[in-house]
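Consider the two complexes below, in which chain A is the common component and chain B and chain C are the respective partners.
And then the complex of A and B:
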């Protein structure tokens, strides 16, 4: 990745408000709306700044309704922003939809771009015509995708008969047939089984690493994010709350740790003994989830696991000790739940 | 952009249009039962209209100064472009469902004009029925009513059928675009508006002034049958010249539609999932 390169995707102050009709329930409400329509303003995306370099892979995450899909639709030119600017490949997508479409690939998890009734192979040929690919380019690109995604057995099957996993593979191929430099994926792995997911990720990683494909992916599956993306952008209520390396999330918010102790025998008084032993340690809290287990959560900025274990090992009869490090998953979950709070992203 | 580039673009687009439309037609033909039911349905529908006319002319000789065969010409001029539109550009009638379901998203990220993708989204085999019936009526009507065929009348007919087709396609888009403004509306307006075309099957002379204005200005269906027929059949009326205005009306309708279409695309909200 060339860090001096100009961004391939850039958004400045990107904002989208939806107009939603407000109707009171029932026929009476509908009739009233007819004569005096009322609309509510729904803020979906508010002042989003994004700058993505060629060859980057970005995970776009956030709780349901945060504004991820809306952002993707703004970046792909499907929606016209309420205000703000988008530039992709040097173009404003919604002003140059046709030109923009030639240079991007889009995969929507819930929606296929294949023709429902015709064999998959013919859908591909039709896409070749739509993208005006020269014969040679088409054959090379098609051949490679068929190969890597193992689509040969599916080419004669109409899209309607494909299983979800098969359809997803075909859709991926369809979105990359014209060799776009950018691929947007909106919840691509939704509903896929573990092994299909793994192959899917492997393929995206291959295109990203070997072909320099710029990837922007929204997903609720942290596996997708951890395996595919170097960078995470988190949005909440339409605003970006975090933008940085995925690994940094764990260092920035990963100070909450836990020590799990297994006792030699069930002990009613273990919790009390543990609390007494911890007495003066700030931020350390003991619980006893099972009669033979004691768990202590602590703040690694205030105290170390070593000190805690020393205190506890003398107070309790312990057979096993396990120290739990926070994972990106546990942190992101807590961020969604509002347990942790980001400082406003710079 | 040079002329030759424009031309090759146009040719590429035409070829793509044919391919996309062929897929739709093939899909219909593949469901064989649907195909035959479609043909049968269309024949019955328009057959009923014909029975009515035959019965009518069993009672009277003329309708507003038009003989039975002259009315057949009006019928033919109406059915031919309607059949062609149904065959090759029935897609706009799916527009509202595309918009309401959010499937329209997909069309906006393909390097082909969304209008063309919408137009080719559906092909109705019923069109075959309308088209053949229309051709039969036109041929019978013109010959039996003693119209004298000349080369320029043949050209006039061709131009006027094409411009009628253009008008009907524009109207198809126009009425179905309501989905962009009122996404949830189960609107009856598009169907009601389209059904006004039935007025074009009879001479304008028999209608009240309100309806005359309606089918000339509001829903200008008179320009696909009545006015061109005045020219074809050499009818002596002060309104005859309007027969030559058909392409102009189509042009206006197309301009209005494409202006609104651009607005519609920019208003498109999609769905929230």
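And then the complex of A and C:
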């Protein structure tokens, strides 16, 4: 990756609001809406700034309804922003939709880009015509994709008869046939089995590493993100809340640990005893999720697990101890749930 | 399958109309300047022509807008309107060829259809027919675009079919329409779909009348061409692609 290169995807203050008609239920509501339409403003994306360099692979994550798909639609130029600027490959996508479409590949996990009723092989040929690929380019590109994605047996099958995993492989090939420098993937692995998923990731990694493909991926599968992306952008309620290395998330929030203690018997006073034993250790908080369990969360920058365990083991009758290390998954889950906030991280 | 079904429906209509007009003409020799010979020809050709651009293009387009499937078309390097017009043309070639054969067979065997008024009329008929085809496809495109705002396609579809079949002159020739309706139908572009080509075919318009008809036809074609382009850009700005 060339860090001096100009960004291939750039968004500044990108904003999209939807208007959602507000209708009261029933005929009366429908009639009223006809004469005095009322709309609620839905904020899908708000002031998003993004800058992606050629050859980067970026995971775009966030809870359901955060605005991920909307952002992808804005970047592909099929949706016009309410305000803000976007530049992709030096073009403004929604103003130069057709030109932009030549230079990007898109896969939407939930819908196929193939023609439903015609054999996959025919679909590819049509796409070759649509993208006006010269014969040799088409043959080389087609041959490679068929090979890597093992599509030979599927070429004579119409898209509607493919299984989800087969269809996804075909869709991937279709999105890369014209050799675009950018690939957008919106929840590409949704519903795929473990082995298909693994092959899918391998393929994307190959295109990314060997071909310098710029990848932007939205997914709820942390495996996709960890295996494919160096950089994570998290969006929540339409706003970007984190943009940086994925590994940084764990180091940034990694100080938050927990010690789980299993007691010999149910103990009503265990929580009180634990709190007393912890005394005034900063940042350590005890809870008792079950009568036989005590959990203590603590800040590893202030205390060590060893010190805590020594304190607690003398105060309580403990049979088992488990120390919880933060994983990217647990941190991201807690970020979604609002348990952790990025601003508090410092 | 759908194609055959459409054609069948069309011909059932033609037979009903034929019977009705047959009865009407048994009393008089001509109605509003149309003789029974001409009227027979008109009925059959009018339905054949109006069936050319069916509602299937519209229903497909509206469907993709309603479900958000339109993303597929929009992520490709294709002009959206051209794609829709090409789809209309593609379907018309299939349906048109089958219809043409049926019309020729039925026309000569049962209806005793009149040939074109003159070779020039035949040539100009073909020109007007082609222009009418584009006019209809553009009108359907414009109506389908409304779907971006209303998302209600069934109502639009029925309204569109009814309005086109009256104002194009498919149901009855414009000359037989009552006063106000006739004036409206005569200035609107929809007459260009059926009425104008058939008036030329039957030799109902000559000289300056003929020139005027063609001028109106191509004038509207130009207006619709630019308007539909503008409307698409407008719609695209308002588009809220459905589905996540």
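Methods note: the second predicted complex is superposed on the first by the 285 of 346 C-alpha atoms of A that agree within 3 Å, B and C clash if a C-alpha of one lies under 4 Å from a C-alpha of the other, contacts with A are read in each partner's own complex, and residues count from 1 in each chain.
Here is the rule we go by: contacts are C-beta pairs under 8 Å (C-beta built on N, C-alpha and C of every residue); 3 or more make two chains touch, one makes a residue touch a chain.
It should be emphasised that the depicted structure is a prediction, and the values quoted were computed from it without experimental measurement.
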**Item:** Combined model on chain A: chain C and chain B, fit or clash
**Value:** clash
**Asked** Which partner does A:118 contact after superposing on A: first (chain B), second (chain C), both, neither?
**Response** first
**Asked** Now for A:126: first (chain B), second (chain C), both, or neither, which partner does it touch?
**Response** first
**Request:** May I ask you to decide whether A:5 touches chain B, chain C, both, or neither, giving the answer as first, second, both or neither?
**Result:** neither
**Asked** So which one touches more of the residues on chain A, chain B or chain C?
**Response** B
**Item:** Intersection of chain A interface sets (partners chain B, chain C)
**Value:** 18-19, 69, 73, 76-80, 94, 97-99, 101-102, 104, 106, 108, 110-111, 113, 130-131
**Prompt:** Taking the complex as given, what residues does chain A use to touch chain B?
**Reply:** 18-19, 21, 69, 73, 76-80, 94, 97-102, 104, 106, 108, 110-111, 113, 115, 117-118, 122, 126, 129-132
**Asked** For chain C, which residues are in contact with chain A within the complex?
**Response** 68-72, 74-79, 236-237, 239-241, 243-244
**Item:** Residues of chain B that touch chain A when the two form their complex
**Value:** 12, 15-16, 19-20, 23, 26-27, 30, 102-103, 105-106, 108-114, 184, 266-270, 272-273
**Of chain A, residues touching chain C in the complex** = 18-19, 69, 73, 76-80, 94, 97-99, 101-102, 104, 106, 108, 110-113, 130-131
